[in-house]
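Labels for the chains are A, B, C and D, by order of writing; each one numbers its residues from 1.
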């Protein structure tokens, strides 16, 4: 069966799947998103593309942005970065403080909040104009200039972000934050507020499926070794304390966000983005998880 | 033997005891305190007083102030307070976040930092002029107007207080802080910056040894039931994760501070304050612990 | 008001107090105890005694026995004991393994299961005939030879004691158990199976209220220093993770057991035992806690 | 470069790599293994094989056996198994009790000790002759009858296995063990005592690289879906709290054992076994990790 046929089957299944999850409601701009949005977009390394639903409708990508900042930081800072953040799955919720205490302020991995805040702090120390530079980077790898920060989302995150203030100040007290906590969080909230659609997401992640090179031009943006390693971290840490479940059911590296988006990729084959706002108890898109599980079941292909 | 004789023995012993601890150095004003200061002051419910050393030299009382704010909050807010903070020993260091996470933002007791911050938040909601009101209260129960905040200490605490910012924002994220975090911490740092000497401390604690009444006038400030309960909390929680050790070795309710001060009391008998800046690994005055252990050994009297 | 008058009031109150707790049901012999039993017995250091209810009905004293073994072990082994078990409140349930792991097999205190198992192991190493010696000791300090082990209870504990097998083997793996785990547990289950009534309990604890001396004869069994210290541990650790609550509400050192018994004492004044089988969520006798709270409220006397 | 050329380079590098790790010494039979053993054996799905060193020398496979029992249990018991054990990385050492307590006796995954003990218990309930059946299964999938249990190793594990006794009794107390703890542990120790060489290991794991089919005959032993899922669990959980590191550095699913062996596989490409007894601090073969990292670096191929 071809990919479009498979996507058609997935779309039909999702539409009759009862939803038990809830849209993220910790900030008003997310709470008021229509829960019935549904989109899937798959782009092959051959250039072919397949999709259904609202794949050109933008949403808040939230934690998916952590992959962009990690890739940038790994490129600029290099392996020094691993002195400040680990690569192990946390086995704990994304905003937990407990492990951070027993491990002296070194976050387990760059995809839990504490870890991504450390990455943001690292970028703040080396980028000239962090907010602008990050946006340009994302636009470039997505080959699309119509990507913007959503200032309302960023402002709302900031207003309700007591937990992140706790995390960063805790790490600051243990000397693992270089810049002023407020500056770091401002940049972190900008990053999380990126508004993108499934097509833009899948296109921007093509670098990770194509050994670090842009599709078409074959221009190398990252070396292939770095790409493999970031994929490995997505595989073991991309879904908070549901990383094992995603790996078990889907078998692809990927990253989710509380906006209801998930991006995954099959190296050398394709990237795929799904969007459905209601989240399961672990904070991952309920239908998104199901869509990707169906995708690897129906194709019979995963990295395993 | 009379109390003065016992204090003389204690003074001699302390002077030949080798010190292995270190003065608190997390803020400059504490770090530069002369480690050789030594003072002890004991006041009986009969009115008699006994002392040695620098008992009229002021120092930063730090966490000892948590008893004042607890007493005030218990008086004004009543048992509603216990919905926001517990009365159990924590079994963890004073600034730990781990337990706070597993117990959903309700601090174990009012003498760990998180708990005292909740108490400060409670007072901020009910006092008209918290900073002034607290000072007046302490002056009144110590019968001494020469008690002041040390603004330099408060400012320095604020500048270095990342851990407390983490604690309060974490509790705020779990809805256990009513006021703005910064306002609460400002008041909390004021409270901890109170500068008092051993004599003032022992006198102010006389209420707790005298069933809630001022000595001499017999004016009732607190009801005796409240006093018993605050004494009970001092007994089980007054020395961080060394509360059991203090109870075991000394056998009196008390409270320590990182300034090197300790106040303890034998209900219906006496209050006693000691001061020696070097702290043991648990953050309690090394010689202060020893002095009080000697006191109950030599008198043969404790609450047990 | 005299003690008998106070006990009469307490009895009346308890009889109209609705019970929400449940009788311990983890072993059949405890599960089938009649939940309506109610008894209280108070013995003054003057020799006077006051009581109501089934104060001569025996029940399984369970964890109350931990005080006997601690007293014996402290006497025979001395302060070496504290290398293997601490004196700090645990802040965790009585059978928790978590803290034991982070603290390398050294239990927090001798009144959680792990700690009392270490104490039992210590006695096994030094007593000639541990089971017989312990019984003789308890009979002696209670001045009553009609005290026995309940072999059925011990056998049932052993049959269902997977958790204790886990605790002791964990400590054995960390070299904090000297004898064969099964031998230690056999002795531990014997100790917990002691069957006593309120009168016997209160009489046996008189040593702890009377500075280590037997009432009447004034024969010294323990030195007064040891007694004070064991009282201190009862105060901070006698009620599992409700020790602070008991200290706050009652204000006396004491020890509870899952058989529904509690013994408490006011040094130099009295010992008191209560029995009511239904337990609250923390595993302490619901009415027993209330009875003792009323006792110190009505007398207006506690150690604080 | 061909695989043999790559293996030759790896061999040279390993021979000049200074070893900082230590051979497992918790039981005598492991402690006395010669630390200088070194072997690597790679088998392609094409049937080609490449190797160096003592690839026909047997050693104790220890935890590598957990993959065999998981595969068997998943086949026989089906998805019911996941009610008793999870698929999430633990983020804790392999023999930790802490997480088991907070998660009510359900081990995080089948590759930590507690999880594999649950799997062994499951097999004990369904296999007619567990010890014999398991051996036959391993011999069959390795196409080699010269595979045996090492009774001395099993006996020694049993003698020193206090920690495992703790784990299983803890789970038994929480109703997650069906059989008698001693019987389960006997079977568990048998499984861990399997003595195999690199060639046998790589051949037996070919099923996992070949979609569940035996090489050559193409006989299907497991369905391909199950195989993918077990590979996914190896990827996220195969190296205790170093699973992320292995995924990051090597990028293949695999499993290690304290005997110094590691098996890994590249689905549809090859299986590979390495053996070098000295372990790093996380309990994984130091040189084994390095050999596999070199393998995926030099081939430029991993699952990512």
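For the reader, a short list of remarks on this structure follows.
We take it that a contact is a pair of C-beta atoms (placed from the backbone, for glycine too) under 8 Å apart; a residue touches a chain by one contact, two chains touch by 3 or more.
Since this is a predicted model, take the numbers as computed values, not measurements.
Common neighbours of chain A and chain B, by the contact definition above: there are none. Farthest chain from chain B, judged by C-alpha centroids: D.
With centres taken as mean Cα positions, chain D sits 32 Å from chain A.
Note: centroid distance chain B to chain D, computed from Cα atoms, is 55 Å. Counting only residues that touch two or more partner chains, chain D has none.
Screening every pair of chains for touch gives A-B, A-D, B-C, C-D.
Residues 96-98, 100-102, 162-163, 165-167, 169-170, 172-173, 181 of chain C touch chain D in their complex. Residues of chain D that touch chain A in their complex: 86-92, 99, 108-109, 224-225, 227-229, 231-233, 235-237, 241-245, 247-249, 251, 253, 267, 297, 300, 302-304.
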